[in-house]
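Got a structure for you, questions after.
Chain IDs A, B, C and D follow the sequence of writing; residue 1 opens each chain.
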Amino acid sequence: MKAEENHGNTKKFGMVIDLDVCTGCGSCMVACMAENNVPFRKDESDKLKSITWMRVYKLSNGKPYPETDICYLPRPCQHCEGHDGHSPCVSVCPATATDYDMQTGIVSQIYTRCFGCRYCMAACPYHARYFNWYDPVWPDGMEQYLNPDVSVRMRGVVEKCSFCIQRYQAAKDRAFMEGKTDIEESDYQTACTQACPAGAITFGDLNNPAHAVYKLKKQPNAFRLLERLGTNPKIYYLSSREWVRRAGDNYLKNEGPAKIG
Amino acid sequence: MDSAFIPNGVRRCAPGKFLVVLAVAGAVLLWGVYAMLLCWFKGLNQTNMNNNYGFALWIWADLAVIALGGGAFFTGFLRYIIGKDELKNIVNYAVLIGFICYSSALLILAIDIGQPLRGWFIFWHANVHSMLTEVAFCLSCYFGVLTIEYIPLILENRGIDRVPFLHHLGHNMHDIMAVFAATGAFLSFFHQGSLGGVAGVLFGRPFSFREGFFIWPWTFFLFTWSAAAYGPCFTLLITRITEAVTGKKLVKDNVVELLAKISGWMMATYIIAKIVDTLYWANVTAPSKGFTLMDFYSHNAFYGVWILILEIVIGGIIPAAILITDKGRKSPAARTTAFVLAVIGVCVNRWVMVLQVMAAPVMTFDKWALYYPSWQEVATTILPVAYGVILIAISYRYLPIFPQEPELNPID
Amino acid sequence: MKIDRRSFLSLGIGVAAGTAFSPLPWKLMDDVSIWTQNWPWTPVPAKGESTYVNSVCTLCPGSCGISVRKVDDRGVKIEGMKGHPVNQGGICALGLAGLQLLYSPDRIKTPLKRSGKRGEGKWVSISWDQAISEVAGKLKELRTGGQAHTVAGITGGGPNTLSRLFKRFLAAYGSPNFFNTPSIDNSYRLALQMMNGATPDATVGLDLENTDFILSFGCGLLDGWGSPVHMFKTNTAWRKTQARVIQIEPRLSRTAAKAYQWIPITPGSEGALALGIANVLITESLYRKDFVDNYTSGFEGVVNASGELQKGFKQHVLDNFSPKAVSEITGLDPAAITLLAREFAKAKAPIALFGRGQGKLPGSMDEALSIHALNMLMGAINQKGGIYALPTPDCQAWPAVPPDAVADSGVKEPRLDGAPSDVYSRLNQLPPAVLSGKPYPLNVLLVMEANPLYTMSNSKSVQEAFNKIPLVVSFSSFMDETAQNSDLILPNHIYLERQEDAPLPAGFSKPVISLSKAVFKPLHNTRHAGDTLILLAKGLGGSVAEALPWKDFEACLKQAMGDKMESLQKTGYWINTGAVFPDGKTTFTTPSGKFEFASSAFCPGFTPVKIEGDASYPLLMIPYDTMRLASGYTANPPFDTKILEETILLHQDGLIEINPKTAQSMGLSENDRVLLQTPRGQANVLIHLEEGIMPGVIALPRGLGHTAYDAYIAGKGVNLNGLTGPIADPLSGLDAAWGIKAKLSKA
Amino acid sequence: MSNSDDRTQTVSGKAAEASSTNKPDGSSRGIIVLCFCIGLVVSLVFGWVVFPRLLYSRKQQPIDFNHSLHAGLVSNGCESCHFLRDDGTYSGTPKLAQCIDCHQDVQGNSPEEAKFVEQYVKKGIEVPWLVYARQPDCVFFSHAAHVKAAKMDCVTCHGNIGDSEHLKVYEQNRISGYSRDVEGASLIGFKKHTWDRMKMDDCSECHQKQKAVMGSVQTQKEGCFVCHK
């Protein structure tokens, strides 16, 4: 069948984030908000109501001074593949407003289809999904900087990281103009990857051996968040610190990342 | 004034008193409607829900009223399918309560979604994999069934009954009610289960996730079972309250006892299943994801083991024990206590399966998130109560809800 | 009657059936849902042709290359410029939010004149002609009255052409009072000048890419120190080369968290630790003997002014800074000090750096010299991986300021801050001088690209000083605290609307100049401050006009950049990759002709900075910097405030970091509201418990507590500067404060 | 409700009861049927004829552009003016800058051209064209994919507008804001040509015919992000 013929071409975009290098500066968050028309309000200190497709978490080893250690962990949508594309959120959406695309491995969110039941948010263990509790409003004149490649979301719908799908669409368009059938690794990079001043984020096709992420994800220090739940996420993290790797998932007392891995 | 519409052979309070009750309930209703309009026009920022609490008080209310409204389908099932004929004396009320519960659930859902004007997408663009789709379809269908079951009752109003067409309509509908009851029971088994499935399929949430049979997680069956078990208790509790308010005996004890007995046994078997499910989940499912039972009942200011005890022991084992024993069932006080505990039990279960799921952290670096509803959420949740009071008051006044009422309360 | 009723029913059913079989209900239902998908109040950005314009970000001295994406004429995104030598495509959170500054409705859109009381916020729009003639008129009046020296100018910009033009304007006018905003850069320059004989205008070059061991005495290398993005890139490179960063500071900053090792020590004891390490290096002969013996003086002994031989650096360190002695000052284990020194010595290209946090304050000179002495001991001077004194890129000389009697006598007056020259502006000395009216009163203050009312410590006295100045003129494009307290605002273009040069970013190893371009046509009726200065000069006429003979700032910049302009306009930057650095053995102009460890004028020692506050203040408060908070002239744009952690800002309240142990002993828990008091002021803050801070120390971030700008930042948190005060360094006269004593009480 | 009302109701109710036991007489049945028919017809006419007229507003284009005339003068067909940029984005309706190459001054004797030059070119105001094919903001439509990669004709989606001498009236749905050319002229979705309607189902239909790659897990059609942004 057609789908099988094309199976070799299917992409699986993903990220490898090096937590040893990430400084938690927040550039990725702002780059994401600037690229994706994420609104802001006067008071954004209630983080449970604040929309940040990319959110940097601060992890602590929980030890008292001076043994304390902290690590920053950027968390975009994990674009879970689950089992055969049945990621936790995709299968619960009653209106097919979110979907898993086998061609790209990207979990899409269509704002105009979504009617705001928020079941997907309940399903996502990463809190990667955000609801528009408010109408998006920009101070007078500031709406000038909005990116025409990304739809502005109306109040009452769920939104989340799209892996900057508009950049993939633009890359494909450029490829069409050049008569190419495929795009290069550098043609499609997300806004956060591009902005990261530490170069902590690597983005590419996890299926493609020529892409940097292909090798990086196989590093012994690589781990994913909550792998044990079977979410099968596409964001890999690297850390040389054992406590950080352990913080990536839940373990019983006698278990550890290595034993389970 | 309205005596022409009051059923034959019963006595009703003075219209003035009746209007006062309506006015009080109406005021509460208006308060709820105001809150509802705020939510619709200003958006869900009127609530205290947040990105950790996508589901909150409303979804709990939905699950709870549907479980409580389960009395309708199960009583109907017993009466029309199993053939427990005595239950005809309470099935009307069960249908009315069910109707109130289901219409409330639909209303709350309409407030709860961020884009109510696009709500119909759930039908038009349905995703068959989603438990919520199943819920929406079955809920709407069963609401239709309940409406059809409720209509003949309305048609029995003395005023309406005088219109021949409506009289015949009512008569014919009565004849085919068994078909609707059967349909309703079938639909209910499904959507009660789907509601259980809503939480049970969340494999990203180890607190609610359950393994299961084919595509249905165990919570699917537990929810159906619990609705069948606890729903009649709610019907009986409301009947008891109605009796207390009106100061009349409305349903004969043997009817109440029969339904209570069935409910008690259902509850007893359910609670055993629930305990088995909890044990399996605590010892197999959760540990396989790296969690221990106590991870879900500690390190936070609210959710402790007490809630598990409240749900299973106080709200499950105790009422079941009362209702399956002859003595417990026969004592009005014990019986009523059991009803109250049972209602608490099932409400706590639904609460836990919605709100504690949202509260419990999954990522190791996440924190417990506690939430309290805004007044708008509370008002819109109380709205159905006021609406229920009004509908019951009107129905009781004008419709022959309780067939045994004239017999039990003869007018001299 | 009966027909009517039945017929009516029938009619109704007919209508219902007809309606159901017509498109009306279905189409309406669909259209209403489409309406919700395209709500008219949800903006739809206009499509257009997408282009990129390269420029340079001048929001901080980092000078990163940026690529501004435009859709037709709208700017839609600022990205890091690929291949720019400073940031190589990376960009920080502030730079990314630049368009929020450009398109802010709260910008100053036209020249403004105060109409109410000062600071009241009442303004009238005036024309540029009026604005220029009012300022020029006042300046002329003062100049004619022999009061030219009573005019002062403050700039926050780096040593770029605009600053030079400003300085030239004041000089030609007849005022010695040109102030730049001092920072750690001044201490580095002074250290290089004193110990290495660099010229005062030499820029500090750090060859950090090639170091393999970085002993950072509290430098927020990953918190905005130097050229922030460049530092991030460098840090990532260090990971690959396995270079080690040792972070010495009492608080687990981001830098500390990323460091190879975090060594918390008693705040203020950094200089002592440096000397303790020097002690071990000397005792165990671990220092680079060849270098010290051949190219330095003052190590073994110093000949003082009267010709007597005194103790040199070596003996001084051996006598006073044994690991044990240092242990008592720093709170570190003596063995740890020894170990640290050995590690430092073992490295191929070690470097020791100073400058707390982002280096906003110059700090103690004694401490700077002590730490720099470690570089001397390891020979990390003008060497690969070391510190360089880079020649400032030679700018085409402007014609000399034409001689003028008024100007000559004016510039000969003493400066208000008592500094010998503007090279080291003691800006912190300005408010006391203004308040005392000595040596003379200040009549006019011109403020350009600076916000002293917010950024200077001891806010209260700065405000009082401001109140005493008869005329304050601001060039700000934003209604910042200073602009709000001025009399006239002559708004500058925002950085994206104007062309100017951005000189060498701090901590870079090669001479670079970048050109910031006018990416956008000015949105409002603003004017390039350079053009405004030239117009003011023209308004003053005579020799002042002659001194600024250019048609506009562009002509002035072209002349200054000379042959570099071509490269600047083409690539956006000019880099001297082939710059031949003075080799390690070449000295500059120290009295001895060698690098000096000590001289008759100085010897690195440890004189603790006298932190304000008596025993009634049991805690030590230190400031901290974060990449998520702009704390200079630019206030945080909304995006950056949005990403602030709720442990820094919660609703309107700022949070103070405190160790849980300390908090517990005071009965305080998370998010408790407390009154924070220091000898300089008090404020309400919330408690944030943080394990990563030394017990007894509390930390407050820089950058909050604005009272001006926009509704997204004003009124949030606490301005640290209102709680601290400057402490004049005995050597440099610059602000040496690093903290202040404090107390907390439940509010 | 008054007692007298009750009484009348009772009377009529009883009468009805009596008649319902027998079949209703012919005349009354006829009236009932007639009423039903009247109701049906009126609502059908309203729904099918009046409602659509109310629903759409009719707007005239600011300038009555002659496509046919221009098509004869340019060398590269539609793409002469409606071109793809190098980055693959589509330029849409031409901007004034493109037009003034020829229309710096009035070229011919068309009053529309004179209007164009006077009101827009001379004043430097962009013409507020009403775009028949404008898709809502949620749609990402790649002209490059269709024209360059799939080599489709403009006509397939846009019809023969290139041959027209006048611009037709722009009809806009008052509620949804969509152009009627996007929604389709036929209210029941009847389509004669490929360009008669440009809603999602029409895109999907063609994509399925062309056997585009079906990546969606939920729909087994194409992924949502192929055409949405």
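General remarks:
Operating definition for what follows: contacts are C-beta pairs under 8 Å (C-beta built on N, C-alpha and C of every residue); 3 or more make two chains touch, one makes a residue touch a chain.
Just so we're clear, the structure is a prediction, and the values are computed from it rather than from any experiment.
With respect to subunit B, maximal separation of chain centres occurs for C (centres as means of Cα atoms).
At the centre of the protein atoms shown, by the Cα-centroid criterion, sits A.
In terms of C-beta pairs in contact, the better-connected of the chain pairs C-D and A-B is A-B.
Centroids of subunit C and subunit D (each the mean of its C-alpha atoms) stand 57 Å apart. Chain geometry summary: the mean Cα position of subunit A and that of subunit B are 39 Å apart.
Distance between chain centres (mean CA atoms), subunit A to subunit C: 33 Å. In terms of their C-alpha centroids, the spacing between subunit A and subunit D amounts to 37 Å. Shared contact sites, meaning residues of subunit B that touch two or more other chains, fall at 115, 118, 121, 127, 129.
Residue positions 32, 35-37, 44, 47 of subunit C are each in touch with at least two other chains.
The multi-chain contact residues of subunit A, meaning those touching 2 or more other chains, are 46, 50, 58, 60, 86, 91, 93, 96, 111-113, 135, 152, 154-156.
Against subunit A, the residues of subunit D that register as touching in their complex are 84, 86-89, 136-138, 140, 142, 144-145, 148-149, 211, 213-219, 223-226, 228-229.
Across the complex, subunit D is touched by residues 1-3, 5-8, 10-19, 21-24, 27-28, 30-32, 34-35, 37-38, 40, 44, 47, 49-50 of subunit C.
Remark: subunit A residues 2-3, 6, 10, 84-86, 90-91, 93, 96, 99-104, 106, 108, 110-113, 149-152, 162, 165-166, 168-170, 172-177, 179 touch subunit D in the complex.
On the side of subunit D, the complex with subunit C involves touching residues 12, 15-16, 19, 28, 31-44, 46-48, 51-52, 55, 85, 87, 89, 91-92, 136-138, 173, 175-178, 187-188.
Taken in their complex, subunit B has these residues touching subunit C: 115, 117-118, 120-121.
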